[in-house]
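The following pair of complexes shares a single chain, subunit A, combined with subunit B in the former and subunit C in the latter.
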Partner chain A sequence: MSDKKEYRGSIHQQQKNLMLAWYDQLDRAANTGDPPTVSMMISGNCVELLEGFGAVPIYPEVNALQLAIRHQSLDPILAAEDLGYAADNCAYVKADIGCILKGITPTGGKLPTPTLILCNFVGCNTYLKWFEHTAKLQKAPLYVIDVPFMRADTPSRSDVEYVVKQLQETVKKLEQLTGRKFDHDRFRQAVECSSRSEELWSQIKHLARRSPSPFDAYFDAITLMGPLYVYRARPEGVEFFEAALAELQAKSDAGKGVYEQEHFRLVMEGPPPYPYFRTFRDMFAKWQACAVASTYSTVGGLWEFGFRHDPDKPFESVAMHMIAQNVTNRNFLQRYEQIRRYVEDWNADGVIIHFVKSCRLFSAGQGDMRDYFTKQLGVPTLYIESDLEDPRYFAEAQTKNRIDAFFEALEHAKATAPVRA
Partner chain B sequence: MRIAAGVDVGSTQTKAVIMSDNGGLNIVARALMDTGANVQRAAERAFDTCCQQADLHSGDVGFVVGTGYGRYKIAFGNTQMTEITCHAKGASFLCPGTRTVIDMGGQDSKAISIGADGEVLDFVMNDKCAAGTGRFLANAAEVMGISLDEIGPLSLQAKHPVKIATVCTVFVESDILSYLAQGKSGEDILGGVHTAIAKRTLSLARRLNIEPEITMTGGVARNVGMVHALEEVIGRKMLVSPDAQFIGAVGAALFALEKLGQSFEFGIWRGDHATSGGH
Partner chain C sequence: MYFFERSFDRCSDLGFPSVRKWKEQHPGGQVIAYFPVYAPVELIHAAGMLPVGLSGAGDRLDIQHADARFGSFICSIVKTTLEMGLTGHLEPFDGFLFSTICDSARNLCFVMKRNFPSMYVDFLHLPHNPSSPAATQFLAEEYRRVLGELERLGNCKVNDDALACSIALYNRNRALIRELYELRRRSPELVPTSELYQLIRCGNFLPVEEHTTELEQALTHFPSRNAKKRDSIRIVVEGSFCEQPPLPLIRLIEEAGCYIVDDDFVIGQNWFDSDIPTDGDPLLALACSYLDRSVYSSVRHDFRKPRWEGLVEKVRRSKADAVLFLIAKFCEPAYFDYVPYKQELEGAGIPHLPLEFEEKSFTFDRLRTEIETFVESLIFD
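For the complex of A and B:
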């Protein structure tokens, strides 16, 4: 039995085609200045707004992870460190800065100077400095949307109005920069498209509640996340997710899972170590362990619990999404609750926490998170450390040792549980 | 009679034991040697030495479980398991009643919560830092020009242990040199070194529920000063088997015996075929 499993349906090729088409658009923008482009972060992205200008998003994180997964992230990281960035700075930042300095792109094509660098500051305060630096290096205009952290279960009315006002200011800014009038109808259509994509994506996520799960909601979900952030507000995005749902539904209806036998069901917290993506995945595949849910797949939007963009309230729903419906802007108790729901509703055997060395903001507190799940809820939880972008932090033998020991213990616990019950 | 072996290839030393179930479970041979650069050779030598001790041919040994960081390099092994699972098993066998294992090896330290059957309930390990490991003590011994075997007994003679500020294996050298320059005694410096490591290890173990009996395993368990320092910071006695250093190999051998008897039905073996190649 092979221990290397990966979902390879036709949607995999469709996803690849969509992402290449996106990079082609960026290449065209670099050569001709059209379409306009807006650089922003994945978390709390407001791609719907861009549709009102026919503008295309640039996601520095996607570029960075593409480099890492192709084992090309260290050179730009070192270039940034030569410039003075510290060893423990966010490795995404360093990879992006290094790419700008060295003219590196993931596909080898060109990346345009953004029409606007839109710092949609959500959760990660490093982004403020990151986007300031890229704006300076690229001589591009910078606009910051200050999105308040989640301080309660739901955002206050004033928080939503605060963000809506800034979105409307962004519209004015983009009208000046692009010379185009904001197309309200197209914006509303984009919000409608997003709503449909989100519903489809949510249904896909809920397929993983079945046993066996037809896809890995961590490793395979990452394949689907690209179209989610770039295309969800477009008809191509809706078509893609319709095809993805149909394909995965059919697979599930046929009783097929990721593995011939699904031995373990996991919830994953934190992004993967992209420089060792395949190696990391194989460590779980060896144990036929399938992720049935992941917090990382909600960095750009948390839709499986019901939130949808609302074409009747386009600005308000974009603001709500930015404030409340992405994992990085949620407080720790909400993150606990999200994982707890996954464990219970997706029927998981354990939780894997991947601590990212160069992301103090998101990773700080994960030791307490582990304690909460192991000691208070009695959920087996493994805590491992490396990095999402910097290959120097990944220790293969140590990581493998922990993962193997975790499954050895889990195997024993599962095998003896019925006896003791 | 069934005969099986466990081979624990650690970062610093390789341990092998042969066990039989003749009249109860017995360790019939044990071997210890430096791992060195050739991991595979170290495993073979340790196993061969055990066979010679027990007057056995390698073919007489029905099953071999490899463990430790070099476990995938044990070409003659039938399967591999992590040393975490094996330490729990071995400690439960050699020190019945064990619920917490503190293992200090050459390059890693770990704490393991174990259940009544010797199964792993939870574990924590040091990560990418040699603080709290045998390497820290080896560096301290080297700086002071004392053999590793001497530092434990000497540390027990400390009257006014110094305060070692760092637990960094590299920077401890400058701390020690600074105290030597101040004229502090070797005993007091070593007392401080052992206390610093004990506190570091305790903070690691506290991430688990530390429940008695607590058993110390690994090569550092031979260091009486370290055992004492740990007992001081934990506030209770620990169990230390004379075979503390072999506990991983003993656990591996016990799993091997169970495999021979097919009494082990928990399915940990499922990983076997997936791990047997490509490493």
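For the complex of A and C:
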């Protein structure tokens, strides 16, 4: 009953074009020194600020995952291990460091030495190490934006002020490094663009509440995430998400889903195994199981619950986004809550917890999460382990058996359960 | 048996006799545990509570429940800490403070919060951008927030005088530790690290006043002992800042022919390179000191001054011949830092040996061989 239904509408091609145009810009920056480039992390990134300088972001995580999807991550990982990195260090970092050492890039074009390495420390402690190391290796200037972790339900005034001040210090730093004056109007326009892209993205995510969902909110959402990080603060981003929403809306209005018949609705927790992305997807497609929500797609920002950047408060809203509105800087129990909301509001049958060995941020404690969902809430949960970048940790047969067993049990439970009111 | 060995034994007992004794002596008194590495113990002390540095359960607890909660690739201390909770060992504690050291420990904080809802569990955000002038104010506010929680918990009000008083007590304690470290650098034969380690680690548990008395006693005891200089190499141990190596492993390193002349064991006890000012606003003083008087550590980031420079300085200051990395298995901050440390040491011509341990290990044959080979290679080089 294998039924591969990867979404391949026109937005797929548009997405590709946008990402290639981005890599072209980076290649130009490497050759001519223009435009200025800023290396940043995906989580809670402040790409809006860069627009005020006409600077382009570099996302080492995007480079790393591109390599993994193309089955090219092992070589650079091994090169980094030769340098002394441990088997158990985050493989994203190792792949990136290995690429710098060996001059590998995802497209074969050049990547520039960043004008500034800007570590937006948004939850992941590995980010700090990663950017310190690349700054040392590339002899590039480093600045860290220290973002207070979400230890309460909402950020305090002091948290927000602290981040706003550091954003302003970043502006000064970039003025020095680029020799350009920060363009406040352009910054405000960027924030305005972001708020529009976010609104559209949020509407797309809410389409997955319909049954059947017109797209897979894990596997397909990842395709849409690239433009979200690189372009959300630009008019091209808004156009892209307008097109995406229109296309998916039309598909949904026609009653079409990801599969002929949507058998199961899932919430996915954790990053995907990029080196086996296709194989992994097929394991779910076999059961016509569609992800209707995922935590991973909220790494860059959590918009489906209402947050938008605010052009009237550009610095504050960028700070708010970095502190409170992305999954990585929210605490573990807030993640439980996020998944619980998905299960209820997106009407899911179960939760798949994908433990990735590289990433303690996502994975440390996921056994407790499973305990909470199965024992406290009675939600069927499957826990599987592999890695997001390192191909050596994917046990294909075992993973497949566990997924099959999970769906068999779920099917049985569905067949015998009283019909939901 | 020396006095500090007796104290160390008491502090290693998972029945926590020293904590229970304190509670008996202070009816209604509360005890706040903190997870490594650093915690502003002065706040807890000033609130009339006992701060306890709880660094794992060593080999004294079988992990039966925590493995299922934390899974593979996670260090032992995270699991033994949770296991202590799930098996009722943490009953004498009223609160638990965590901080921004790594992702595993941070997630543990919130897992603890869910599993022990009657306990006060808090997470302290220690800044990673000391270059920002805004960091001091932020951290002072963060300390104020935590202090507010402690006041609520203890139903008390803490004033500046009480804080200044606590700071002075801990200043004295830390100054004595610095003196002991200095003495060991000068005359390592007088201060075996396996002993100094026990002495310092007791400070995690004992009330500061009591611990300070033990440090004072040690400072008269060590110099007066009759010890012959051995033919040993001088090494710095780096990487054991959080999960602690088993005591027999430290002994083994010494027996293999090493004088440990500096280390980062229980480094929270030895966090500042000079006293915290006791005049002015105490919370600001604590905050400024964290940002500008802290020693370097793999869990504190200050891009104004890289940690690897700190390590090389430490080696030079202690006239060490080599560095031994003693890294807890699955400790990601230590794994990461190993690379730039290694590069810097190689650049400076300082030999090193990387080793891994788990707090619960009890056989060290392989490690012994590696250390002995390393020592021989240095002696006969």
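Quick note on the criterion: the second predicted complex is superposed on the first by the 416 of 421 C-alpha atoms of A that agree within 3 Å, B and C clash if a C-alpha of one lies under 4 Å from a C-alpha of the other, contacts with A are read in each partner's own complex, and residues count from 1 in each chain.
Everything below uses one rule, namely that a contact is a pair of C-beta atoms (placed from the backbone, for glycine too) under 8 Å apart; a residue touches a chain by one contact, two chains touch by 3 or more.
As the structure is a prediction and not an experimental result, all values here were calculated from the model.
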Contacts of A:Leu20 with subunit B and subunit C, given as first, second, both or neither: neither
More subunit A residues in contact [subunit B versus subunit C]: C
First, second, both or neither for A:Leu361, with subunit B first and subunit C second: second
Contacts of A:Asp371 with subunit B and subunit C, given as first, second, both or neither: both
First (subunit B), second (subunit C), both or neither touched by A:Ala409: first
Subunit B versus subunit C as contact partner of A:Glu385, first or second or both or neither: both
Partner chain in contact with A:Ala250 - subunit B first, subunit C second, else both or neither: neither
Interface residues of subunit A shared between complexes with subunit B and subunit C: 367, 371, 385
Subunit A contact footprint on subunit B (complex, rising order): 69, 81-85, 108, 117, 119-125, 127-128, 207, 209, 265-268, 270-271, 273-275
Footprint of subunit A on subunit C - complex, ascending: 67-74, 78, 100-104, 106-111, 113-115, 122-125, 127-129, 131-135, 137-138, 141-142, 145, 301, 303, 306, 330, 332-333, 335-340, 342-343
Residues on subunit A engaged by subunit C in the complex (per definition of touch): 83-86, 88-90, 93, 121, 123-126, 128-129, 132-133, 135-136, 142-146, 148-149, 151, 156, 158-159, 161-162, 165-166, 169, 331-333, 336, 355, 357, 359-361, 363-368, 371-372, 385
Residue numbers on subunit A that touch subunit B, as the complex places them: 1, 3, 263, 286-288, 367, 370-371, 374-375, 380, 383, 385, 393, 395, 397-398, 401-402, 404-405, 407-409, 411-413, 415-416
